[in-house]
Amino acid sequence: MEAVLFFVAAIGALGGAIGVIAMRNPFYGVLALIVHLFSLAVLFLLLTAAFVAAAQVVVYAGAVMVLYVFVVAYVGGGAESAWEPIPGQRFLAPLLGAALFVELAVAVLASSLLALGQDGPHVNPGFGDPAAIGYLLLEKFLIPFEASSMLLMLAAVGAIVLASRRGVDEGAPR
Amino acid sequence: MTFHAPAMDYAALSPLIALTAGVCLVLLLPLLGRSRGSSGIAIQTSTALTLATLASAAGLLIWHWNDPTELVAGALRLDDLAISISLIAIAAAAFAVLLSVREPAAEQAGGGEYQALLLGSVLGMTLLAQAQNLVTFFVAIETLSIPLYILCATDLRRERSLESGLKYLIVGSLGSATLLYGMAFLYGGSGSTDFAGIAAGVGHAGLLSDPLVLVGIGMVAVGLAFKTSIAPFHQWTPDVYEGAPTPITSFMAVATKAAAFAVFVRFFDVALAPEAGDWQPALAVLAAATIAIGNVGALGQDSLKRLLGYSGVAQAGYILGGLVVASEAGVDALVFYLAGYLLMNLAAFGVVVARERETPFGDDIRAVRGLGRERPLLAWPLTISMLALAGMPATVGFIGKLYLIEALVEGDYTWLAVFIAVGSMISLAYYLRVVAAMWMRPGGEATAAPAIAGASPEADPIDPDAGRRWYLVAPALLAAAGAIFFGIIPQPLVEFAQHAGASLF
Amino acid sequence: MINSLLWAPLAFGLAGLLLPRRFAGWWATLGAAATLGVAIALLAGFDSGAAGLQYAVDVSWIPGLGVDYSLGLDGLNVFLVVLTALLWLGGTAFAAFREQRRPHLFFLMMLLAETATLGAFVAQDLLLFVLFFDLMLIPFYFLFGAWGSDREDGPTAAAATLKMLVYTLVGSLLMLVGAIATAIIAAQDGGHHLTFSIAELAKHPIAEGSQRWIFWFFAAAFLVKMPAFLLHGWMPDAYRAAPLPVLAVFSGVLAKVGAYGFLRVVLPLFPAATVQFQEVVLVIALASILYGSAMAFTQTDIRLVGGYSSVAQLGFITAGIFALRADGADGAVLQMVNHGLVVAPLFIIVAVLAERSGTEDMRQMGGMAMRAPVLAALFLIVTLATLAMPGSANFVGEFYILNGLFQAKIVYAFVAISGVAMSAYYALRLYQRTMHNRRPDTVPSREIGLRDGLVLAPLVLCIVGLALYPQLILHRTDPAVKRSVAALKTPVEGTLAKR
Amino acid sequence: MSIEWYVVLSSLLFATGAMGILLRRSPIVILLCLELMLNAGNLALVAFSRMVGNQQGQVFALVVMVVAACEVVVGLGLIVAIFRRKLPLDVDELRELRG
Amino acid sequence: MSATSWAWLVLLLPLLGSIAVAVGFRAIPARVAGVVGTASVGLAFLCALGVLFNLLGEDADARHHASSLWTYAGAAGLDIKLGVYVDQLSAFMILVVTGVSALIHLYSFGYMQSDEGYRRFFSYLNFFVFSMLLLVLAGNFVLLIVGWAFVGFASYALISFWYRRATATKAGMKAFVINVVGDIGLVLAALLIFRELGSFDYGAVFAHAPGAFARGEWSVTAICLLLLVGAFAKSAQIPFHTWLPDAMEGPTPVSALIHAATMVTAGVYLIARTHVLFYLAPTAADVAALIGLATLLVAGTIAIAQTDLKRIVAYSTMSQIGYMIMGVAIGAYAQGLFHLMTHAFFKALLFMTAGSIISAMANLQDIDRMSGFWRAMRFTSLMLVVGGLALAAFPLTSGFFSKDSILAYAEARGGIYTWMAVGGYVGALLTAIYTFRLVFRVLPGRPCEEAQHLIDTGELYHGPPVNPASGEEEDTEVGFPGAHHHIAERSWPMAAAMGVLALGALFAGLVQIPGVDNVLFGFLDPAFADSPLAAIHPSAGAEWRGLAIGAAISVLGIGLAWYLWVARPQLPRLFRERLRPVYLLCLNKWYFDEAIDLLVVRPALAIGRFANNTFERLVVDGVVTGARDAVGGAGGVVRFVQSGFVRSYALLLIAGFAGLALYFLLRAT
């Protein structure tokens, strides 16, 4: 049962990913990513990370993707041309991608960590539920938690700075 | 489960708190100001406020000089290394804020946002310098990067600015993704996110040089090497340095390197010390490659910022040497060199900003032609900084190299020391080209063809006496004076560095 | 005392910035004169018998790095110091008599250069030595580059100077590494704390394996500075670009720093390597002698005659040092002083001639002795000293060098001496082509001006004085030289006399 | 299912994302690819946290989400700015800075 | 006052004179300069007499003293003092030098009167005398070398005295460089001596040498050969002789002083001084003797073919020096020095007369243009005849006794030396021929244009001043002594000097008539007592036999000359055509200049040019440019890779990442 779910989700995630890099039109790319995210959420659940899965769905598929959609709609995501200006890029990119995957996979599979081979230890039911995570966030990881909130604010400010009309008002007409 | 609130040592946290508060204030005050519709005042107030924040943060840091403390359940560690690095970052920020006065980018970004983002980046750096676990590490490094992505692009009217912002964002995020993935591996290998835990985990006999861990290390190295612009992960550096608003470039060049190297040292010389035998040769080779690439790349560059960018790459290579040897002397040398680098760089950038605003040449080398006769007060800082960067004696640059070479020879990396020597030999060719332009060329013909590197069509209005503005000249002079002073009386700086080193070993 | 000697020039130079431009030159001259005064005072108080350091100063400078600020005089450097002060006075005065662009900066650099050079001579801490050794380049970079002359047929002054700087730094940066390596290896072997004191390091030379490569790091620096054969590529361009008053001191003193370095640093610190590579260096030295001479007598640019003759002379000095015997080294030290005393006036004379004829090409000169007997006489004396006329101190120097070489490696002596014949030819040729033969109408024959005469005459007087009593130097040099040669396990003095 | 599967999958995703960055020229898509890579990291983190049986990895993953969100926000802002500046939305067209 | 202090005075006076004239060159009037110069040397001669009498006051074998002022250069085992060494040899030398020099100064006083550089001339002249005295008085080899080089320089200065003549400066350079080669020989010899004996001092060296060396040992032979290089260079012996003829560019008094009387005899002095060593190195000695012989023959043949008045005399000098060298080399020390003295007298005289004639010829030196001076200038002609007779060893003249004493010794020593004597007699014949060729060409016959002009108007002929060597026009400022020329008849100082010398030339031989008196040898011999060769003495009978042969040869030679150039003037032309190759060989001085040019000068210049044009550019600069271009190229690559495509940056980043990962995977166990 679990295996089936895993494979379905894995194929979903992978398919989504492939879709992202294969789709000409950014809009479809966004949709593909959403598929990918949902299947990841499933994988998280399989890994007993309920809260993470939930956050994944809410934050990403909810907020972030909407943002994407808006922007794509705003800038009119025209399909990019198939022409490749950088010599050798088309040839090297897949090669490197493959190499990367092989190396990482080897690193994992060749590792002497026995735990990698098992399903992981038995964990008590509370594992990964909001309460547990919450405790961690407020005790051990208080600083990162606060910092990331700070980071969010800065990012928001930055987005305003960049996207606000102010820039172009003074901008030289082209 | 019951909630155990972690022990909060507010005294030790105060620098971070000060900075955070500073960010908020700088953001808020001008809003009030702007509502009254006087953005000029707004900018001044925010500048003043930013400087005040930095000053207070610096003060609070110095207050904790020489008493290392663990903070918030071991998430942070406020020791002399952290303090010294944070101080360097803060100093760089202060200079950048001064240089940003009247900077078109700052004006477009509007009242407080520009300074706020700068402060945010500084906050990230101070955090990074103290980080003790992977999560803090990651968040901090993002907190310092993301504001910089934005700041690079803030000169919205100049295409180059936007381009640099986007490039930095893309490559940078790629870097952080790699970093993250590496962290994941290390976490998997050691089962902990704390540096201490990782040290214990990888030190554990079964895991010594386990592929999982090693590749993890490799990826973390890539991430950090990217931030410190080590070849071959350096390519963003020249472009971003050239495209970004010059004050930001000056800030990035020093502060980012400093912070990134701080955590680099912490992570590799402490947490990954058990694996040293594996990563040392790799990093040594990277350092050598960086020195070579940075120095030859800088040859024949006409844009001063770009030239400084490449030279920054080379300098990063030198500094990395201090890390490679994984010894206390190495860390001392590294911190010393960073401090010196701060002075040398700022002296140069102050002049570049001034000339950028006073001549139509932007940051092209022609902008400094005949500077020696026209503006001695600008020529001297730039000259000194060039000579110092080249490692000429009686400047802090010489002592810095001396320190590094000592550390390297002690750590049996003499060949790398020789490499540094050869590198600085090549570097003369371009540093002295600038000096020659200032002293051995007739004055820059002020009405020359506009199409020049650095001065894009949408060039900013020229301010004919920018070369006399105290907030540009004073910092440059100050830095240059420092570069000379610590070249002749280096002992204080040496002790400063040795404190930092001692806090690790 | 020695501190004032070292820092007086710089102090004067900085103070000079405050004066109005037209006084800058005179003030600088005053500064140089004061320095010379101190130097002579030091010489007067110098205990000629003692081998050890005198007027020693030793305070910790960068304890964190084991670097000390330690200075001192002994037989090796005392006369070089005096020479430096003397020539700088001459050069500065000669420059002060002429209109200089941006005089403040010019004279500041001039005096900074003097301080740096003196520093290199008096430094007794290896790292301090390296520091001053490199520092010397900066002022000369500016002096050559900013006040030099661009050649239409050659590179610009800036380019030529850059070439010189990179070239010389090739050596000296490696030397920095070498110096540090020496100290650290010594500290690690000896197990004591890190020190760069030359005297300390000389006590226990480092392992032979390390000596070998470090030796070459130092040798590279010194040979480039001289410059020696194959490493002299920077010399022609730089010499043609340089302003002549500066060139006078540059060629008069800086080249010696290299040779001095061998005596002060290499022989005591790397004895094993020195003995091992003796012949290699000797070959380089001989090549310099022959090549420099051959070049000198084909040049038509009078500066380059001086330049290449220096190459040959420095070859002699090197050969003398690497005879690895006291007599050879004595001769080398004496010859350093002599050559300085000769080449500086030579370049001043070149300047005088160039001012008259408006060219530096000897093919367009001639007959200038006609109305200028004093100039001719001074020039003649300098020329004779240049070709090491027996009876001049230069001859004594060469004689000692040759003797050392003769006793140590007889074959090299025979090769080296052939340089003497060539020197006779090129020196005399220079004199004849400029002063004798028919005078082109373009070249006026004017007597040397009083002020230039005042610069030139004392130098020539020194030449004559030394010619009468070279013992003045030899006597004071000998003990120190013996000490620095003693480290080598080679027969030091006396002869191989059978009975 | 053993953890290896998850990790290997994540590395496959990581490689895919990287490949995407190398191949695509629209900044938006490149942002998407960055998301892919970060998520791959997340998957690895969560998988390992399951393996070692502590939740630090999960918290880390959460933080990473926030960070990713920030990058997206900034990136999109940048894209809008570029669009406003009437510059082509193609990273290959933006190459004034080079050499 | 002791001998040495007199010697110091001898040394000091000319130096002071030189310096005084040089320093006060503007202040003092020309005349005074001349007086000072002449007087200083005259006084020096008196002091030399002081030395002589001091020595005579002591018993024969104690007549050598050393004295030194201060340590000149003493360190690291070398000990070089500023010292003099006085013995019979040096006493004899300083007497000859100062005496002849004084007369020549006197001559110049008149001769150079109207020359622009009158003061300079006397300052140089005095300096030369000083150097020569230093050479002969030096107490150790280093000081000897100093004097040796000073002499060389002085001769350079005097040869190129008229420095605006390209020919003069060229000749000066030639002389100087060849002399430097000689110096080098001496330096090496000195170093070798020091290496073997550990000292430079005459006393020590000559004392130790016999014990230190086995006779004929290679080291001592090497020393002597090196000494010979020096000696030959100074004394214009083959192959170092080519500078002497060119040296005639100098003013005639210079030729008289340097190239006849004093400097060229330095080599003879050197060999005599180091006779101890030469005795120990028979091979070297024989080499010297043979080269001396060769020189005297070759020079003789050349002299017959030349037409330049001064050059003929110059070549005769060479050949006479050949006699002396041969003499001192084979052991006839006193005899060689005897000839040195007499030669000084008559050769100086000959040059002076030549000067006088050349004045009359308005600076022309070609004897083909000369004739009939007997009627124009009696006194000069008389002097010429006297000098000629002495040179041709006409019976009872000084040359007669001195030359034959050498040959007699050679004969007495036997073996190959007998053949040397034969060669010497052949040389004597040549000498007689070319000498009287000169006399018969110049004096008798119908006066030439210039001579006639002198007879008719009583005025000297003044043609346009030309350079006799190149024939190019010159302004009067330069070249032949000034606007007005002077001949012995019109200038008492010249006449006086010549008169005194003539007396010497005629009667100096009488001090040493075999079997009659033994003044000179009696004085000199003790100085050479330490060489067994000095013991050899030809019997009086043998000497008289020699004298007889000599007389016959001399008369024969003169007769031949008369027959060829007076009785049958067309014969020489006939010979020229018949024996063209021989004639050309002699005319072109046996092609020595060409040979040296080919073997030494050209190669050196070629090497220099190669170094300058090729090596410097390709190798020396090549290294630099190569390195620079390499670095620059690397920079180009880096800049090219920095293509501006963010995706290629990403590519490189990931590639680096992959590489690093690979490295770590390989490290992993």
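Note that the chains take the letters A, B, C, D and E in the order they are written out, and that residue 1 is the start of every chain.
Throughout what follows, a contact is a pair of C-beta atoms (placed from the backbone, for glycine too) under 8 Å apart; a residue touches a chain by one contact, two chains touch by 3 or more.
Worth saying up front: this structure is predicted, and the values here are computed from it rather than measured.
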Looking at the contacts, which chains touch chain A and chain E alike? B, D
Those chains that touch chain E and also touch chain C are B
Argmin over chains of |mean CA - global mean CA| returns C
A-D against B-E, pair bridged by the larger set of C-beta contacts: A-D
What is the chain whose Cα centroid lies farthest from the Cα centroid of chain A? E
Inter-centroid spacing, chain E versus chain D (mean Cα positions, whole Å): 97
Determine the centre-to-centre distance between chain A and chain B, using the mean Cα coordinates as centres, and give it in whole Å. 29
Would you mind pulling out the distance in Å between where the CA atoms of chain A average out and where those of chain C do? 69
From the C-alpha centre of chain B to that of chain D, how far is it in Å? 25
Pull out every residue in chain E that's touching 2 or more other chains. 639, 642-647, 650-651, 654-655, 657, 661, 665, 668
Which residues belonging to chain A are in contact with no fewer than two other chains? 85-86, 89, 92-93, 96, 100, 103-104, 106-108, 110, 116, 132, 140-141, 144, 148, 151, 154-155, 158, 160-162, 167-168, 171
Residue list for chain C, restricted to those that touch at least two other chains: none
Please list each pair of chains that are touching. A-B, A-D, A-E, B-C, B-D, B-E, C-E, D-E
Given the complex with chain B, which residues does chain E contribute to the contact? 631-632, 634-635, 638-639, 641-642, 644, 646, 649-650, 652-657, 660-661, 663-665, 667-669
Which chain B residues qualify as touching chain E in the complex? 166-167, 170-171, 174-175, 178, 209-211, 214-215, 217-219, 221-222, 226, 231-233, 235-236, 238-239, 278-279, 282, 292-293, 296-300, 426, 429
Residue ranges of chain E touching chain C (in the complex, touch as defined): 22, 25, 70-78, 80, 120, 142, 145-146, 148-150, 153, 156, 160, 163-164, 166, 169, 172-173, 176-177, 180-181, 183-184, 187-188, 191-192, 194-198, 208, 211-212, 604-605, 607-609, 611-612, 616, 619-621, 623-624
In the complex formed with chain A, which residues of chain B make contact? 1, 3-6, 20, 23, 27, 71-73, 75-76, 108-110, 113-114, 116-117, 120, 123-124, 127, 135-136, 138-140, 142-143, 146-147, 149-150, 153-154, 156-157, 165, 185, 188-189, 206-207, 210-215, 457-458
Show me the residue ranges of chain A that touch chain E in the complex, using the header's touch definition. 85-86, 89, 92-93, 96, 99-100, 103-104, 106-107, 110
